[in-house]
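Below you will find the structure I want to go over with you.
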Amino acid sequence: MIPVGVVMGSDSDFLVMEETLNILVYFDILYEVKVSSAHRTLERTLNWVRQFEDQGGKLIIAAAGLAAHLPGVIAGATILPVIGVPMRGGALEGVDALYSIVQMPPGIPVATVGIGAARNAGILAAQILAQDDQSLRQRLKNHRMKMAAEIEAKDGVIQDKLKKKL
Amino acid sequence: MIPVGVVMGSDSDFLVMEETLNILVYFDILYEVKVSSAHRTLERTLNWVRQFEDQGGKLIIAAAGLAAHLPGVIAGATILPVIGVPMRGGALEGVDALYSIVQMPPGIPVATVGIGAARNAGILAAQILAQDDQSLRQRLKNHRMKMAAEIEAKDGVIQDKLKKKL
Amino acid sequence: MIPVGVVMGSDSDFLVMEETLNILVYFDILYEVKVSSAHRTLERTLNWVRQFEDQGGKLIIAAAGLAAHLPGVIAGATILPVIGVPMRGGALEGVDALYSIVQMPPGIPVATVGIGAARNAGILAAQILAQDDQSLRQRLKNHRMKMAAEIEAKDGVIQDKLKKKL
Amino acid sequence: MIPVGVVMGSDSDFLVMEETLNILVYFDILYEVKVSSAHRTLERTLNWVRQFEDQGGKLIIAAAGLAAHLPGVIAGATILPVIGVPMRGGALEGVDALYSIVQMPPGIPVATVGIGAARNAGILAAQILAQDDQSLRQRLKNHRMKMAAEIEAKDGVIQDKLKKKL
Amino acid sequence: MIPVGVVMGSDSDFLVMEETLNILVYFDILYEVKVSSAHRTLERTLNWVRQFEDQGGKLIIAAAGLAAHLPGVIAGATILPVIGVPMRGGALEGVDALYSIVQMPPGIPVATVGIGAARNAGILAAQILAQDDQSLRQRLKNHRMKMAAEIEAKDGVIQDKLKKKL
Amino acid sequence: MIPVGVVMGSDSDFLVMEETLNILVYFDILYEVKVSSAHRTLERTLNWVRQFEDQGGKLIIAAAGLAAHLPGVIAGATILPVIGVPMRGGALEGVDALYSIVQMPPGIPVATVGIGAARNAGILAAQILAQDDQSLRQRLKNHRMKMAAEIEAKDGVIQDKLKKKL
Amino acid sequence: MIPVGVVMGSDSDFLVMEETLNILVYFDILYEVKVSSAHRTLERTLNWVRQFEDQGGKLIIAAAGLAAHLPGVIAGATILPVIGVPMRGGALEGVDALYSIVQMPPGIPVATVGIGAARNAGILAAQILAQDDQSLRQRLKNHRMKMAAEIEAKDGVIQDKLKKKL
Amino acid sequence: MIPVGVVMGSDSDFLVMEETLNILVYFDILYEVKVSSAHRTLERTLNWVRQFEDQGGKLIIAAAGLAAHLPGVIAGATILPVIGVPMRGGALEGVDALYSIVQMPPGIPVATVGIGAARNAGILAAQILAQDDQSLRQRLKNHRMKMAAEIEAKDGVIQDKLKKKL
């Protein structure tokens, strides 16, 4: 059983969404990836969603830019939680995608992360899956500690740099 | 054969979209109305689109607010021209709907009119249908003359008002 | 064990957030409510978060307006999923709150719903909790069917209204 | 008879608008191009519009940036459908052009596509012209299938890439 | 000879633009008013502009909302200075009109005042006309002194109110 | 007597504002330039304004970016018409400067041109000065004809390019 | 010696700015109020600023709406800290004022608070003045505790309300 | 005793914030720097704030981008004045950070400077600290005179350049 499906409307999104895949790997979470469109291959997208849900998938991460209908359309086709990632780009730099993903009508939410925040989409997925998985919870806590340690290390670097200046 | 289909995601849009219906009636254009959602009743929406196209429908007007996926999703399911009407409302007053409808990805356009511009959606539909319909062309030309006359009449009212002031 | 914690920075948010509570009741999900601030009672907020997590809480819904730091600050203090609800209001009508909640830095995501979308926050919570709860999944599916039926009913009302017009 | 007129206010728009011409060629649709301004050569623009309409033209695609009055001014001078393309550029990156094109007053619609969406303008033109042209309808359907196949092919490439990673 | 022409696209703008007329009266400047549209009565608008210029008109104030093409179109048809007044209204509250009026292409400027700033349009007109009119210059200086005196008077009222509080 | 004063808050604005100077030279209009700030050298700015007005100056062009107070502050210190040029730059790309220049309070207008529209500022100045200067009016009309001819020439280039393609 | 000067460009701002005065009274901080404009009474404003600084004033709070130059102009005329309050209102609801106040050029900062945040301006003033005033520091700490207690009390009210519901 | 603490959420902010440090050095003001996060190392941040305040710190400058909670969270933890610097970057170019920092709720102000305005943050700090420090006041006045002289020098350069042109 693969718990996370990562869908994107265009293979050009892959470069950004690899950050999602990397963080899922980091947390030892299996995923499958699907390139499929809400407009050009809607039936195929819907079929994949149903199949993914039937095979025991737990949540879907959907990335889209511009009008960015993909996360919302998928959210309408499943009761699995859908995490939406607005892609940066175009004249509006992703504000269009953000509004289109987050402003869903009553009844069909999409859990939206920041513009281009592929990494956070993966971490949110891990947090959702960790509910009944003590080991994943521990990995998340370790990750938090690692991030904290990194900041402390960076602080150290800055302190050293400032001392040398004097 | 009914040439125009008017779809809206919520019956609350009907009050605004009645302006579309009124202008279609004014131009003697038959229409059918469908309340159906891109998220809550997607299959039903897609079925209606296919049926409408099969029965010789010529174009679809789709109104939606907030994330406003309806026009784009319909545009992906038909090669008929789709006119999108961003509905005013919510915290963003329809800017979200405008971006979500107009910023469609390459390949699947939506002919977008102004925020809440239900009347213009109907006129645009008439203009598209008038291509090979001399009578409708004439009605459109008459409507233009009527609008021009209205402005001239209003100008007259203002001129009178200003004269009285002196 | 209470799975959902609903936090708001001000009791004035309660009127909107009651929609969240109502939908949680609808799905038979237990919740507790906390009025606490990210700035004025930060320690108290953090203590509540830790206690809620220790007692087996599963996820937190946090609502905030204006600078809207509450969801992000809570997200930094727990590995539970945090759903953020940007409250409408102020001169920027909630765009400030949306940006402040959704644009979290790498590492600490907040699952953001639309501006004022209190009901969707509750549904998203249900979807997240339904992962290993077949009964809740069924209730979510029923809710979807109910929403679909409502739209069909509304479509019927419109069709009747249009027939009477003729 | 040439069905499509493509107007732009500046020859600097030509580079982007070539995408429109390419897609029209792809669909075997004849076009003529006119560089003319809504402000600097208004009479000439209006004369061209009248002539184009008199010679049996079917629709006009008008591209403009910044204040972007060209599509609207043309729309006021003809009852042919006018497709407006907001050009990206300037300090506002085309948001000014989008608003100026889409927010037309009641009575004179412009069928607006996305910022810089020259290709979609051509496809929308094809969809409008296909109303009574079975052959063009078929070409549009083939184009849809081609786009779907492209996405499936891209999906295949990604699947291969992911397998190699393992 | 009437130096100032005040044009508006709709008689609904008259209520706001009366502020312009009042300030012109205050400065003893003659004006004529024209209700005419950039789209619905373009020829009539252009004819009026030419006639106004031929009869020795000195400058034109043009008010418009939404896509707000009127000031720019007039500016293209005359070398008289054109003052543009973006009207508040619609979903975008006049931001669309502001962008559409101020962001004119190189070669054809419009002297833009604030959203709904009808009074300032009249004062700007007076300042432009005052170039070679010592009497009008004096009236403008007197108006400045009057405004300054009003602020000082208001300051006095506030000082009194504050003293009473103590 | 020098009719036009061109003020900028920083010498870094000079590169853009040279376009203004060039167009003034083109129209044979004398100007003087002043680098002076609304905040860092306010008294000096005000002194220059008074001196410029006393020596028979006719209008002032003021360029500023970011908070962009310079045009408004000058407008408050003179009854000469002030043309404001919002400079592009900073994180907001000149939207801040546009709002700050155009949204002047009742009583003190600034004639605002587009973001970075230095050339239009010069043309607007020429239009204002042309009121009682038949020769300048003629030069403005010639400039219009030249711009129109340029567009026709560009149209010719495009037509040639398209013919070669066939 | 009066430490705080509160300046506003219009007496219509007084209603909002009374919140500032009330919080200053609450913290036992003396203030004087000045209604004076950056454009209509600039000299008078500058004179007041110099006089206020000479008499030992410690900081200035300046409120302004629309183009909102007042805080920045005052900041340029003194080295006292200037707190800027963007007033809500007009078509842009205070976004113009916010940008105009906060986006000051390098060298002349304005300490900006939120749109309409008159109360926070007063608190910030108290925080700045408390540097060397142990008693005021204590009052600020008490105020913090009072705010915290208020939230806890509101939480209690909500808990009671929820219990009654059950 | 070190009067100024400069906090940033990421060491990548250091490059920009060095401008703050340089201006503090210029004014002979001691500072300490802390790299610490509002989300990843909240406790550490709060501990530092308390320690800084206990050791007699006078004010804190906090820089943050994106959701930018750091300045607000610190402001909630101390009664020292907090100067917030919204960092430019991300898809929204710092508008998110600006809103998140300036739109603080009633009771907890942050003294916000412009997007990326690191230098102004340092000058504002100096202005706040100068209250009871005649020497620092003098340095601030000298800095103002230096800035004025720089503008006059730049004006001279431009005047020379223009003369050579003739």
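By written order: A, B, C, D, E, F, G and H. Residues from 1 in each chain.
Methods note: a residue touches a chain if its C-beta (ideal position, glycine included) is under 8 Å from a C-beta of that chain, and two chains touch if they have at least 3 such contacts.
Remember, predicted model here, so these are calculated numbers, not experimental data.
Q: Figure out the least number of contact steps between chain D and chain H, where 1 means they touch directly.
A: Shortest path length, in steps: 2.
Q: Once the contact rule is applied, which chains count as partners of both chain D and chain G?
A: E, F
Q: Pick from B-C, B-D or C-H: which interface has over half of its contact pairs in common with G-H?
A: Checked against G-H: the matching pair is B-D.
Q: Validating interface symmetry: for the copies chain B and chain C, is the fraction of residue numbers used by both over half? Same or different.
A: Mostly different residues.
Q: Taking each chain's centre as the mean position of its Cα atoms, how many Å separate chain E from chain F?
A: Here chain E and chain F have centroids separated by 19 Å.
Q: Centroid of chain E to centroid of chain G, CA atoms only: how many Å?
A: Inter-chain centre distance comes to 34 Å.
Q: In chain D, which residues are in touch with two or more of the other chains?
A: 10, 37, 40, 66-67, 90, 92-93, 95, 102-104, 107-108, 114-115, 144, 147
Q: State which pairs of chains touch, listing all of them.
A: Touching chain pairs, listed by label, come out as A-B, A-C, A-D, A-H, B-C, B-D, B-E, C-G, C-H, D-E, D-F, E-F, E-G, F-G, F-H, G-H.
Q: For the complex, give me every residue of chain A touching chain D.
A: 10-11, 14, 33-37, 40-41, 44, 66-67, 90-93
Q: Can you list the chain H residues touching chain C in their complex?
A: Touch residues, chain H against chain C: 9-10, 37-40, 42, 46, 65-69, 72-73, 75-77, 90, 92, 95-96, 99-105, 107-108.
Q: Residue numbers of chain A touching chain C in their complex, please.
A: 58-59, 79-81, 83, 98, 102-104, 106-115, 117, 119-121, 123-124, 127-132, 137, 140-141, 143-144, 147
Q: What residues on chain D touch chain A, complex-wise?
A: It comes out as residues 88, 93-95, 114-116, 144, 147-148, 151-152, 154-155, 157-159, 162.
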